[in-house]
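Two complexes, one shared chain (chain A), two partners (chain B, chain C).
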Partner chain A sequence: MLLDIQNLHLEFRTFDGTSKVLAGVDLQMQRGDVVGLVGETGCGKSMTALAIPGLIPMPPGVITEGRVLFDGEDVLAKSPSELQRFRARRLGMIFQDPTTNLNPVYNIREQLVDAVLYQRMDQQSVPGRWRGWLPSAKQIRHDAFQRAVELMALVGIPDGDRRIEEYPHQFSGGMRQRVLIAMALAGEPDLLIADEPTTALDVTIQAQILRLIDGLVKKLGLSVLIITHNLGVVAQTCQTVAVMYAGRVIETAPVRELFRNPRHPYTQGLLKAVPTANVRRGELEGIPGTIPNLTQPPEGCRFHPRCPHVMDVCKAVVPPGYRVGAEHTAYCHLYAEGQ
Partner chain B sequence: MSSESPLLEVRALSKHFARRGGVFGQRKAIFKAVDEVSFSVPRGKTLGLVGESGSGKTTIGKCALRLVEPTAGQILFDGQDITHISGRDLQRRRSDMQMIYQSPAASLNGRMTVGEIIGEPLWLHEKLSGGQRRDRVMELLHVVGLKSEHYYRFPHEFSGGQQQRVGIARALAVKPKLLILDEPTSALDVSVQAQVLNLLHDLQRQFGLSYLFISHDLSVVRYLCDQVALLYLGKVVEIADVETIFTRPKHPYTQALISAIPEPDPDGGREQILLKGDLNLRAPKQGCPFAPRCHAAKLAQCDTVAPPLVEVEPRHQVACHLHPALSSSRL
Partner chain C sequence: MILRVYLLRRLVLVIPLLLGLSLLTFTVSRILPGDPVGLAAGPQATQEIREALARQFGLDQPLPVQYLNYIGGLFQGDWGQSLYSRRLVLDDLRVFFPATLELTIAAVLIATVVGVPAGFLSAVYRDKLPDQVVRIIALFFVSFPAFWLAMIFQSILGVTLDWFPISKRFDVLLAPPPAVTGMITVDALLKLDFNAFGIALSHLATPALVLSFGSLASVTRITRAAVLEALDRDSVRMERALGIPYRVILTKYVLRGTLIAILTIVALEFGWLMAGAVLVETIFDFPGLGLYAVESSLRLDFEPIMGITILYGIVFSLINIATDVAYGIIDPRIRYG
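This part shows the complex of A and B:
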């Protein structure tokens, strides 16, 4: 098991009250998996992802319960320096907006070489401020530069040894996202976390980036956690899907099973809300109501105020995961024994 | 005017921006955001304007409303040329066409209550005040699916979907004939997007509205539009009925764009056409603007002659050298 998030509870304590952002997230990933984490705005999908590298701002965030195990190690128990090492070696992360994640006053070479050096910080045995002037450091920098050019080629930036000298503004949105993927891959990570990697991109560029990620999975044996609100992206790239609603994973299944046979009423509603070729005009079904306020979330199942199949038990008891098929789990009382 | 004539007609509309460069902005280049675009919006129907970022779709919407002055071309609304009208005539026309924006939060004044926001156009255009205005606002709130108690609330108290409903109510206040919808659902989640799309559909049937629907999301366009115009770098590359566009696209760009939509179906194994490179705003000065990325067989004239928009089938126009005109006598 590469990643095992168990019953994670996260609160944000603010002046407006305590917002219960995550309420018992369970998520498992095997090595080599491509997992999609889907959900609407504010459902906690980004917070779940940020918990893996320990990047949740604390305060105001407080993890009240649960564990995050990465390759058997408890991430939440790590010290800051251990965390730093862990992020550099084991994780790569890319975000939604490629523009704000690159520094506009440094060229790509400086930023990418920096990323490579950061992964190799142990090799720099010379301590202190003289490090940069010593011959051995020069060799390290040279190797890092070579590696940076290799990475540019790996992510499909043509003419990498020339373009590496350019600045972020000279790159298009799709190319900037490729640079960020290159940085994320610098440390040969086990897990790539992609938080809405294509949301800011046009659809033709989105197709290119998704194809690139797909190729990297095959070539490098990478595991990827893709966070997105776009069900189409999930259907086309992931093997396993976890659907989140209001701070919980409410259904997990292999991708085909989830789209063919969704069991949780929220997943069913979500799939019906996407306009496809077969839906006639005026017959698109939304989910009535809006997402709950997380400072006063509904008791029991957080979806019950919007659920068409609501029962008395839903209003009081938080549903546990029920196995509804091979590797298919739904957190819904409809699938309890005897129902 | 007969009801057969289109409500909005745009003829050879162009909008050029000067782009300054060099030291002290001495060097001037012309950027053609919109380049000789023609289309029409039929009464009671929806025309979708589709394109990637930088294709000029929002500029066209703003030109149609005369919020941006077009460089050249003609805009006809209800048979009347409104390209050069001004003052009171323009103001009167504006009550016939209203715009709904992408970001509902940014397009509502945070210091006004919802009642004031929706009532403002009633005061500006119809000089309604007091009880009359209040009654109309209440009616509008119900039309868009909000409640009377929302009258005294402020925009920040609403969710994104509800804010968009307020924006729609404000646009409907002056009883427009045409709504220009600039990416009205792209800031919303899918479950809320479905609610807003259905509302737009109901309103169209109820009030006989015409929509100019600007979007980059082809699945939404397929759901809501009757006709679709595809834009690439400020030029229309293909116009046809929505069914034709999605089942028999002719232009290589349309084909690539449609194949690139990720279908929410793991077995929807459509052959994807991957385009080379990306939309480069510094387009070639001559020839087809799409030529550098085109995956189709390239002809000699692609790099030298800009293809005109020609009818290849009834009600289906394409601007591509690969598709010659319906009959040569037309040329």
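This part shows the complex of A and C:
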């Protein structure tokens, strides 16, 4: 098991009250998996993703329960310096807006070479500014530069050895996202976490970036966790999908299975709300109601106030995961034994 | 080069600015009530002596003619003459300006060297003990008036501890090093005379410290705000996610992102300190431009007032141009044009 998130609970404690952002997230990934984590804005998918590298701002965040195991190691128990090494060696992460995620005042070479140096070397042996003039340091920096140029080619930026000297504002949005992917891949990570990687890009560029990620999965055997609210992105890239609602994963299934045979009432509603090319289906259906206020979430299943199949048990007991098919799990009382 | 064209254009644009400044100062100083000729000639002077004096300085001419005469002289390098001491304004400025410049540079250096790290520390340890300590000290320095701090420092550093002299620029019994720049510390270093450098520095220490305090607080607070803003950027989260050590993120990526804000406040403070040195120069009997300006104003001595104003105008413009050029070096997105 590459990634095993068990019953993760996260709260944000602010002056306005305690917001129970995550309430028992379960998520598993095997090496080589491409998993999509989908859900509406505010459902906690980004917070789940940020918990893996330990980047949740604390305070105000407090993890009250649960474990995050990466290759069997407990991530939440790591010290800050262990976390930093863990992020450098084992994880790669890209975010939504490629414009703000690159530092505007350094050129790509500075940023990419730093990513290479700090992800592939011991922190102490990276030649800093003071030792930069040593011949050994020059060799190290030269090697890192070569590697950076290779990475530019890997992510499909033509003319990498020339463009690496340019600044972020001289790149287009899609090219910037490619640069960020190159930085994330510099240390040959075990897992790439892509938090809404295409949301800020237009549709053609989105397709290019998804194809790039797809290609990298095949070429490098990369494991990828894609966080998105876009079901199309999931259908295009992922093998497995986890659907989140109001701070919990409520259904996981292989991607085809989920689209063909959604079992959780929320997933069913969500798929009915997706427009298709099939015009005869007529009007789109929405899910009645709105997402709950996480400072005072509903008891039991958080979806119960909006659920068409609500039962008494839903209002009191948080549903555990029930197997509803091969590798298909739904966190819904409808599938309890004897229902 | 583009930079050269840009610099040339900015420098040319300073000329109309200075003309406007001089016209304004000229008008304001002439419409003020008062009798400068009478002051200069003394109470016993007869009407004939006064008229002769006025004629000698061109004060009997209509105002527009006086102004044109002054500007015409300026373009030929004639900055005029003091009504009171009969000394050439340019000679006085040569003596007094380097003193104030030296004092201001020292104060700005103190404010920057102490204020930037303090603000940085404060932001990195936001709401923790180091932050609280820095903020309280900064508030303290902002809140106390400079003249009070000056006297306290004179009394503690100068008298009780007897570390530093409390007045003048140099030991009155010794000859300062030959004037090259007019800044005694620099002149001493140019002659490699470290003894004289020490003496000049010890005279400079207390006034520079007192002058720096107001700016020290501003620089600290602006740096703190800029660092907090820079820390909140997405790129910092990305750099952390990449596993770059926090120390490197702070000293390389965050620092560079705050330089524009720091440079702006330091440049502004430089201007303000230069103009605000009067009080400190008075208290420390430090013979600089501020003291000269106050004395000239009290006597309505027109030409020194004009000269000081124009000199300040030139210095402010040059600081502004230098700052704008530096912006472009710090941030590659900024284009000259």
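In this text, the second predicted complex is superposed on the first by the 326 of 339 C-alpha atoms of A that agree within 3 Å, B and C clash if a C-alpha of one lies under 4 Å from a C-alpha of the other, contacts with A are read in each partner's own complex, and residues count from 1 in each chain.
FYI, a contact is a pair of C-beta atoms (placed from the backbone, for glycine too) under 8 Å apart; a residue touches a chain by one contact, two chains touch by 3 or more.
Being a predicted model, the structure only gives us computed values, none of them experimental.
Asks: Name the chain, either chain B or chain C, that contacts more residues of chain A.
Replies: B
Asks: Identify the partner contact of A:147: answer first if only chain B is touched, second if only chain C is, both if each is, neither if none is.
Replies: Neither: A:147 stays clear of chain B and chain C.
Asks: So, A:169: does it touch chain B (first), chain C (second), both, or neither?
Replies: Second partner only, chain C.
Asks: Classify the contacts of A:286 with the two partner chains as first (chain B alone), second (chain C alone), both, or neither.
Replies: A:286: touches chain B, not chain C.
Asks: Answer with first, second, both or neither: which of chain B and chain C does A:45 touch in the superposed model?
Replies: Touch status of A:45: no partner.
Asks: Just checking: does A:107 make contact with chain B only, chain C only, both, or neither of them? Give me first, second, both or neither.
Replies: Only chain C is touched by A:107; chain B is not.
Asks: State whether A:264 touches chain B only (first), chain C only (second), both chains, or neither.
Replies: Neither partner.
Asks: Have a look at where A:118 lands relative to chain B and chain C in the superposition and call it first, second, both or neither.
Replies: After superposition on chain A, A:118 lies in contact with chain C alone.
Asks: Output the chain A positions appearing in both contact lists, the one against chain B and the one against chain C.
Replies: Shared contact residues on chain A: none.
Asks: Which bits of chain A are touching chain C when the two form their complex?
Replies: 53, 55, 80, 84-89, 91-93, 95, 97, 100-107, 114-115, 118-119, 123, 128, 167, 169, 180, 183-184, 186-187
Asks: Give the list of chain B residues in touch with chain A in this complex.
Replies: The touching residues are 52-53, 159-162, 189-195, 197-198, 201-202, 205, 216, 218-220, 222-224, 246, 256-257, 259-268, 272, 274-275, 278-280.
Asks: Inside the complex, what are the residues of chain C that reach chain A?
Replies: Result: residues 233-235, 237-246, 248, 252-253, 256-257, 330-333 of chain C touch chain A.
Asks: Which residues, counting only chain A, touch chain B once they are in their complex?
Replies: Listed in rising order, the residues of chain A that touch chain B are 40-41, 172-175, 202-208, 210-211, 229-237, 255-256, 259, 269-277, 279, 281-282, 284-288, 290-291.
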